[in-house]
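What follows is subunit A paired twice: with subunit B in the first complex and subunit C in the second.
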Partner chain A sequence: MIKRNSSIWPYLLVAPALIVMLTVVFVPVINAILMSFQNYDLRRPSRIGFNNFKNYLDVLKDPLFWGALGKTIVWVVAGVGLQFVFGFILALLLNKKFPGRGIVRSISLIPWVTPGVLIGLMWRWIFDGNYGVLNDLLLRLGLIQESLPFLAQPSTAFPAVILTIVWQGIPFFALMLLAGLQGIPDELYNAADVDGANGIQKFFLITVPSLKSVIYVTTLLRIIWVANSVDVIFNLTEGGPAYSTQTLSVYIFNKGNSLNLGYAATLSIMLTLVLAIVAVRYLKTMFQNQEGKA
Partner chain B sequence: MKKRGPELVKSLLSYIFLTALIVFLLFPFYWTFVTSIKTSSELYSQTVTYWPKAPTFESYRRLFGEYNFLKPMGNSLLVAALTTLISVTVSVLAAYSFSRYRFKGRKFLMSMFLTNNMFPTVLLLIPLYAIMRKIGILYTPASLVLSYTTFTIPFSIWLLSGFLDDLPLSLEEAAMVDGANRAQAFLKIILPILMPGIVATGAYIFMNSWNEYTFAVMFTNEANRTIPVALKNLIGQLGVEWGMLTAGGIITIIPVCIMFFFAQKRLISGLTAGAVKG
Partner chain C sequence: MMKRIMMAALAIAMVFAFTVSAADKVTITHWYWADNPKYSATMQQMAADFNATNGKGITVVAQEYPWDGGAYSQTLFTAVMGGGGPDTSSFKLTSTPLFTANNLLVNLDGYLNSWKDKNLIEASLYDTMRQASGTKSVYVMPWNTQVLYVYYRPSLMKKAGIGVPTNYAEFLEAAKKLTMDTNGDGKIDVYGFGMRGAKGGQEPWGSFIWARGGNFEKMDSPQAIQGMQDFVDLFKNGYTPPTAPMDGFQEIIANFKSGRTAMTVHHIGSSAGMVETFGDDVDAFPFPGGAGKWTSMGDTENVMLKSAKNKDAAFEWLAYLATGKGQETWCTVTGNVPVSKNVKELPFFQNNKFMKVSIDGAPWAGILPILDTTTDWINNIWPNTVSAALLGKISAAEAMNKLQAGLWD
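What follows is the complex of A and B.
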């Protein structure tokens, strides 16, 4: 029986999770907000103190911030977009019955459970300018004449890190969309066949609309993860060369490492605000859907 | 039934496409493994070989001998196991509450747990560092256990509430009619049925803690660094020890893969249920 009304039990049961979360998330968030209004540089401890909006004004005047923000947008749009397209293709291919499908599906998910550090390092080795296998393959295929230092020149470094994050994210989309595809009743397709619809029409008139909520939820989840991810880029390029792969979260991580904590906090508040706009829409949909369910 | 010409071409094309995608997804692992069993002279020679001329486990031997990789493995195991234990326990309690009670503030609390994951890791990293130092657990496994517990709670609650919502209420009702109280009904009836879901959630938590890097690099020192930090440390001032690094990589993902294959059915159904139903 679902219990309504006043019992203390539901609160007691939630309490442990809540307490942990308050200490590790909400207290630091408040601290970060306070820090963002301070001159808080551990290299100059004597000067720590409130400086009102100076950090924020500095951020708005900081070309590296705007550069990183632009990089973040490209990183998220291209990264998540391509993950989605290839993940969708993989899901459609896996939705057909063929021998060994279960095994193929399982092994294609491995990138998704691989640590970000390892992903960064594996691809760093693949992209290597001297001994890298990608150069060797492209040379053998005659697509390039001489080895390219993919991660060492700004023009190729950013596409290279995007390729890496796409590789990581394809399985997630494939997994979610495949589950969605399997939930679409066959009758819909049969009816469309009777009406003489072709494959493309069926795809856009049945498949895509049926997956609307899955697509919505997964893309938004992924946008937040990708925007926040530090480990892949940091282990590939550390944001270089010449800041060409420095997204906002990597910029913040680098600033934090250089001990200018006040400024790093301000930058992270800005990132949070950008993400909050996205997150609010996400939460709204979540609860609209929950209403529908209950 | 014989396939018509265009049908055959279509299915042939989709096989080619599928194969290409799978090769793309798996090749990095193959390459990592091949690198790990090459001799260093072959590794750094001008011609790239796709299978080692003389496979050797020298890199693995050096990884455990010279580099003492067992130490970070033990640290990772300790952190991941403790995190799993704590996170599963508190998440089961909270999920039960969200699934079986309707109370004031339920929605608010649920959305609070969800927003938890929206804050950029880097936002929390810096103040948490200060907090950990103040309460004296910086550079101990406890700092990582506490952080990872928090970051895995929202998703675990989500997974577990999904599993719980699928269990019919009549199960508990029958037990309670027979005179069991709520706690007994939970322990004797619900918990055993929920076990596969708990195992899947535990696998998810374990994998996350095992893989995490950003907090680990800030909150640990030489004595208690975890695998991801140890891997990164193989990149030294004088360049990268690719042989040892790839060997370490292979060793790192083996337990994760085993665990994933073990738990995947439940994990995937729980994971997708929320998104698909919702």
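What follows is the complex of A and C.
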């Protein structure tokens, strides 16, 4: 019989997961950090080597970086904000009892389970300035007189990609908030009814506070995912026209695609830092709230 | 006992025979892209034909990957750098510096020197291949070329009361006159020129730059800037669809086929589809010159990757594509200009009006400078800079300065 050494056994159990984590997460991260300090351009392999902070200085002087950072902020705030609002509305509707609720719940998940590449291609044709169904609808309704090149002009291209990501993300918020809504005890609403609270009061004094943790976690996750999202924008516009839809993640993708991996790694580190600032502040507030509640 | 020995001997003989026959068989993996399902089926048929007729036990497995506006080359590069990828692949010259700089291609000089069909391909084509690699060696096997020209609708020209443009000024005028309200509802329903403002648009755009006397070496010259201004003016004046800044290959072809545009620039590869749509009501002319003249020579080659295990067999396949039955089949179906002299002489190529226009334009056909910046310039810098100019965010001069810096700095 093998004697279990109590001091080693826990480490052995954790080891497989730790090894996998180290291999697939930490090694690439360290590699990316190292690359960000190198002139690592595969188009010029003979010049690969450390260049200290040159990439970082170049990034800070790069107008495309600042433009993309600004776009990323708008993309995340508008994208996640609208997803949250419409997701909440959908969750409240789906929480009501009505015939066929199960089917409606399933159908409402379709945008979330559709691959981003497919969403990009589908909406690209919807927005098409010559044959798109959106133009056709607007023309038939008499809202426009001539087809609009939605994706070919900066004033409409960025709102169009935001609309697409909102459409994709609503079901995620709806699903998570619906699960949270179902966990709120009916007694709370009954007691509020006895106290004479109206619907708005119940919403802001019972529903929202009860969902605080769910809202924090889902919003944080979605901020990170949307900020890192490439597939939808790339398949809709590739960051154009005139860089008007180029967020940081799309810029990183384009730089990586053009094989300037050192510069792409530097941009990635910058994006990680920006997201880390958001995430740390966010988590801090969340834990403070929870401690306050306890 | 004897029976056992006999059985053992038989088993050994079978294993030996199997091993030898397995050793004789060679599999070559070939990557390619196809513009439509017909071309895709043709490549599969060519591979099957080669497998059945090569007589050397070579089996080519043709695997298709999307061209995706040039992303194919990156896919190939990433796969090969990662230790995978095919033995041979279809290829574009613009990718040569990247692949040769990373030592990924087989030098074909030795194979070409002992190849009986070497002289069936023009020596100048080999020179172009050498030039692209930046060495004195050939790393890229010619396959076919496509000379860009202007497709037009004769019926629309007649309606606009104009003839086929014979010079650059007439071409610009034609784009204006062909922009028409054909049904009298007060809205433009035919645009004179189907402009490609997205990736790939640098090829037709180059003709405007050269027509004004500019060139790619000095894109910030007054002549080149004027060419850019003409390009921008076509859009600003409404002679192109308003979607032009984001229109790529699919869009310009769809717009021309639907009758939304009266002229567009592409090569013979689309001619079969055009004739299928319009019958006799489609024709072509070489992009006309002004102070200068240039049209883009689209090129498609094949390469052998260093990782190919059986290089002799791989060259047999490349040779089949360059001068063998594969050359005839592919160029006949796609309408591309063959590189093999004997295939060029076939009646199909001699009697095709689009081929004639391609050949007429060939003396002015050229390629973009092939530098290590070219791919990024084509994929990112050109489309975003030109769309910024088209949309009025920057001037033609600013755009040309950016394009010059992006390619040459």
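By definition in this document, the second predicted complex is superposed on the first by the 266 of 294 C-alpha atoms of A that agree within 3 Å, B and C clash if a C-alpha of one lies under 4 Å from a C-alpha of the other, contacts with A are read in each partner's own complex, and residues count from 1 in each chain.
In this text, a residue touches a chain if its C-beta (ideal position, glycine included) is under 8 Å from a C-beta of that chain, and two chains touch if they have at least 3 such contacts.
Remember, predicted model here, so these are calculated numbers, not experimental data.
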Applying the touch criterion given at the start, work out whether A:D195 contacts subunit B, subunit C, both or neither, answering first, second, both or neither.
neither
With both complexes superposed on chain A, which partner does A:M176 reach: first (subunit B), second (subunit C), both or neither?
first
Contacts of A:L261 with subunit B and subunit C, given as first, second, both or neither
first
In the overlay, answer first, second, both or neither for which of subunit B and subunit C A:Q153 touches.
second
Of the partners subunit B and subunit C, which touch A:P45 in the superposed model: first, second, both, neither?
second
Which partner reaches more residues of subunit A, subunit B or subunit C?
B
Mind working out whether A:Y131 is in touch with subunit B, subunit C, both or neither, as first, second, both or neither?
both
For subunit A, give the residues common to its interface with subunit B and its interface with subunit C.
131
Subunit C contacts subunit A in the complex at 71, 74, 77, 81, 97-98, 101-102, 187, 197-199, 241-247, 251, 254-255, 258, 260, 372-373, 375-376, 379-380, 383-385, 387-388, 390-391, 393
Could you list, by residue number, the parts of subunit A that touch subunit B in their complex?
1-7, 9-11, 13-14, 16-18, 20-21, 23-25, 27-29, 31-32, 35, 86, 89-90, 93-94, 96, 98, 104, 106-111, 113-119, 121-126, 131-133, 136, 167, 170-171, 175-176, 179-180, 183, 213-214, 217-218, 224, 227-228, 230-231, 235, 249, 252-253, 256, 261, 264-265, 268-269, 271-272, 275-276, 279, 283, 286-287, 289-290, 293
For the complex, give me every residue of subunit B touching subunit A.
11, 14-15, 17-18, 21-22, 24-26, 28-29, 31-32, 35, 43-44, 48, 89-91, 93-94, 96-98, 100-104, 106-107, 109, 111-128, 130-131, 146-147, 149-151, 153, 157, 169, 172-173, 176, 182, 207, 210-214, 227-228, 231-232, 235, 240, 242, 245-246, 249, 252-253, 256-257, 260-261, 264, 268-269, 271-278
Parts of subunit A lying in touch with subunit C, wherever the complex brings them together:
42-46, 128-131, 145-149, 151-154, 157, 237-243, 246, 254, 257-260
